[in-house]
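What follows are several structures.
Two complexes, one shared chain (chain A), two partners (chain B, chain C).
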Partner chain A sequence: MDASETFGFHTDRLSVLLFIAVFFGLVAWFLWRTRRGAQFYIRRIPGIDAIEDALGRATEMGRPVLYVPGVEEMYDIQTIASVLILGPVAERIARYGADLIVSCMIPFVMTVSQEVVKQSYSNAGRPEAFKQDNIRYISYEQFAFAAGTNGIMMRERPATNFFFGRFYAESLMLAETGLQTGAVQIAATAEISQLPFFIVTCDFTLLGEELFAASAYLSKEPKLLSTLKAADWTKVAVIGLILIGVVTHTIWADADPFFNWFTVK
Partner chain B sequence: MSTAEIVGTWLAAFFTLAILSFLYKDNPLYKFAEHVFVGVSAGYQLVRQTFDVAWPNLLQPLWGGLHRDVDTLKAHPQWAFYSIPLAFGLLMFARLWKPIAHLSRWPMSYIVGAFAGTSIIGAASADLVIQVQSSMVNLRGTGPWTLIDNPFSLALSTFGLVCALIYFFFSKEHKGALGVVARIGVYFMMVSFGGSFGFTVMGRLSLAVGRAQSLLVRTPLNPHAPWPALVGVVVVTALIVIWERKISPPSAGEG
Partner chain C sequence: MKKQVPLLITFLVGSFMVVEYFITAPGIGALREGLYNSAVAIMALTMFLGTLNLVEINIPIIVRRRADWPYKIVLLGSLFATIGAGAWGAIAAHTTGGNVIASEDTGPLKYSYDYFYLPLAGTMFALLAFYIASAAFRAFRARSTEAALLLIAGTLVMLGRVPIGAQISEKLPLVSDWVMQVPNLAGKRAVLIGAALGAISTGLRVILGLERSYLGGD
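Up next, the complex of A and B:
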């Protein structure tokens, strides 16, 4: 048994356990409050409010809406957030009677997106309007996917482009082409290195955690709202811990027990 | 150099220029290159996933186990359990037959749920605890003062971090003092995005220069340079001009 293990328990990872426990405790607390009828306030996020206008514009112009759920696998947290947002977005599109094209790089994401969009069209009372062929797998290769999605933008001329999820080097190629076609573009990613490209080419960009807030904001789903509230108060705790840590680490340097408690081995 | 390599070099030059023709406008040459690119990558991935993933990790152990292959039984004594992922994989194809299409949701739910569960520990450790610890800086610095490692820079980065974190607080309207702090957080982020943008643009330019060099500079891999690129420019330009004339023929009064 390792020195840091007590009865098979990794004491060196106690800090991780505590963070997870506090976070899930907060989620459970807010969920319990939601179920008892508590209403939570979430500040307005301009990029999310713009989604409604962008969808209205596409409907008025009679042109499709393009949704790209990132380029990562389904288990990536940003892809999960993106697919969660796709649900309410597809539901609104179904109500307005516009067309939705989803361009996917990962086959499994396409399958999940098809299920989500199909469900959304049913929720909107228009299951017959769902077009399975509009949820497309382009290619597993990053730049082939970018080339294929650019082709969709140039030929089918979507009036609105959504880039929600994790993106890498293809982000600028996609958003720049969308800009040339004159589409309203809204992007959301927590991939810090790609945010600058979206900021310069898109009409609205949701920064980092706003991507995760968007799914809760749009769906008003109690579980997601509770998670968002829990994340908010975890941030407050994190700010407090960082400030305490800065003071103690400045005083005791490497001998600081508070700082060392966070070391994960 | 083999004939295949020579043909490959010429094709690489042609397809590079065909893709670059998109800078002018969408045209049949770009569409051709795009479809070849997408098709070849789809075929390549199918072969790769089959022979590098499905065969060694799933099909081979099952096949060897069923045929009582000694090596397989030694390497995979629990080979029969592989029938579970095989069944889940096959359930994905249930989508193709409407009466049982709903069964395809089982493997999807399993994958999303399992990965979300297993990634919690890694995410909490790497994205939270370690980040929090890294943010607890020693304001006196850790050695001789440098541009980054000095009390002013360290205090400024801590201040920027706190302001940026406050920007991502969604439970209160960003008004008054909170609004001011959040706005300062946005300024900090924008400065960092600007730096990141410039850095990446430099990287992209260096990629473009590398591609141009590979087409124009004579190397063992491209012994005929710059001819493939020059011929490619002529061919691509000629084809685009022909296409332009075809879609917009000169009016009767012209010529």
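Up next, the complex of A and C:
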């Protein structure tokens, strides 16, 4: 019988389990404190605060808002984070009475986006304002998608562009075209190689973890904010582990038991 | 009920994927493969929905002669021509008893890919050079201390990576490498650790049903 077909446990992954357990414990702790009425301080994220102003601008100008949920499949965590942000953003757009265009490279993401936007318009009490034709599938090919989305920017002149999710080489093409049309642009990605391009072309850029924090930050729901607090404290723990690792690795080098225990084989 | 069922499915599937990373058990591998294959099948089905979306949006524009309608004819014409080319190659291979998959390497689909799509994609990619030049011009304007630091670091890195840099000073390539491998890498890793924790946090919120904005909130 194959080893994977017997009951067992991957002991070499114990460090990952410990990490998840600690994180889970922190989430449970902060959730419990939230239920007891604790208020947490969450630092301001200017890029997310600017979403409201950017939507207001589009409404005043009578021009649409363009939302691009990245170029990856639905199972990608950045696409999931992007679709989670799309909900509250679409709800605000529906309340303001502006138009929302969602440009998708992946058909699955388009289908999910349609449902999310439709539900958001319904939540805002304006289901009749939802336009299914504005949630568009462009192309499965990267540069064809970039060309199609650039075409939307040039023809329909959105006043605000959101680039939230995972992007590759097309990031600069999209953001630079948006800059030329004079749109207010807010980008968010955890794709490190694309961050510099967004930083030089967008008005606001959410770096890495801020993409994942955005939906909780927008909702202002205490139970969601408590998970941000747990992530912050896990970061403190990671910094502590890095410092311990530096010391033990300096002393023991390759025979470092601390370092070896954290290495996932 | 409309929200409870999706939340339950998300919880069960999400928890299973976390648990199966740590344990081995009879049938667990087959179940994981089954879930992956289901996801692939659903994704393939949505390709049809994507095509339908293109047709639904563009046909009315052509019929009502709205702005840019001739381009929509080109778009839909290319779409159906590509589908036709793929189908033609497959049918031709099938009727001659050849390999349907191998026909993709020689048939009309391959021809349209090589002589239409690739040059067009190459043209788009080449445009990046101009976009980078324009973005670099804006980024390197030393209007603040941070921008001045960026300009200095960028100049050192660029000079250290071209032959003339080593001609100016032998230390320039070393400085360039140091900038990339010490301060740059430290910053990248900090963003990466934060993003990884954020990703875990988002995953946990969705699996536990704390995050419901995709279902329209509470």
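By our rule, the second predicted complex is superposed on the first by the 255 of 265 C-alpha atoms of A that agree within 3 Å, B and C clash if a C-alpha of one lies under 4 Å from a C-alpha of the other, contacts with A are read in each partner's own complex, and residues count from 1 in each chain.
Heads up, the rule we're going with is that a residue touches a chain if its C-beta (ideal position, glycine included) is under 8 Å from a C-beta of that chain, and two chains touch if they have at least 3 such contacts.
Everything numeric here is computed off the predicted structure, so don't read it as measured data.
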{"item": "Touching partner for A:Phe40 - first (chain B), second (chain C), both, neither", "value": "first"}
{"item": "Contacts of A:Gly245 with chain B and chain C, given as first, second, both or neither", "value": "first"}
{"item": "Partner chain in contact with A:Ser219 - chain B first, chain C second, else both or neither", "value": "second"}
{"item": "Touched partner set for A:Leu84, first chain B, second chain C, both or neither", "value": "second"}
{"item": "First (chain B), second (chain C), both or neither touched by A:Lys235", "value": "both"}
{"item": "Partner chain(s) touched by A:Arg126 [first = chain B, second = chain C, both, neither]", "value": "neither"}
{"item": "Which superposed partner A:Thr263 touches (first chain B, second chain C, both, neither)", "value": "first"}
{"item": "Partner chain(s) touched by A:Arg157 [first = chain B, second = chain C, both, neither]", "value": "neither"}
{"item": "Which superposed partner A:Arg95 touches (first chain B, second chain C, both, neither)", "value": "neither"}
{"item": "Chain B/chain C common contact set on chain A", "value": "13, 16, 20, 23, 74-75, 77, 80, 108, 111-112, 140-141, 143-144, 147, 155, 172, 192, 195-197, 199-200, 207-210, 213, 228, 235, 238"}
{"item": "Contacting residues of chain C [partner chain A, same complex]", "value": "18, 21-29, 39, 42-43, 46-51, 53-54, 56-57, 67-68, 117, 120-121, 124-125, 127-128, 131-132, 134-136, 138-139, 188, 191-195, 197-206, 208, 210-211, 213-217"}
{"item": "Residue numbers on chain A that touch chain C, as the complex places them", "value": "3-10, 13, 16-17, 20, 23-24, 27, 73-75, 77-78, 80-81, 83-85, 87-88, 106-108, 110-112, 116, 119-120, 122-123, 133, 135-137, 140-144, 146-147, 155, 169, 172-173, 176, 190, 192, 195-197, 199-201, 207-213, 215-216, 219, 223-224, 227-228, 230-231, 234-235, 238"}
{"item": "Of chain B, residues touching chain A in the complex", "value": "19, 22, 26, 31, 33-34, 37-38, 40-42, 44-45, 92, 95, 104-105, 108, 111-112, 115-116, 119-121, 123-125, 128-130, 132-133, 135-140, 158, 161-162, 165-174, 189, 192-194, 196-197, 200, 204"}
{"item": "In the complex with chain B, residue positions of chain A that touch it", "value": "13, 15-16, 19-20, 23, 40-43, 45, 74-75, 77, 80, 108, 111-112, 115, 138-141, 143-145, 147-148, 150-151, 154-155, 172, 192-193, 195-197, 199-200, 207-210, 213, 228-229, 232-233, 235-236, 238-239, 241-243, 245-246, 248-250, 253, 258-259, 262-264"}
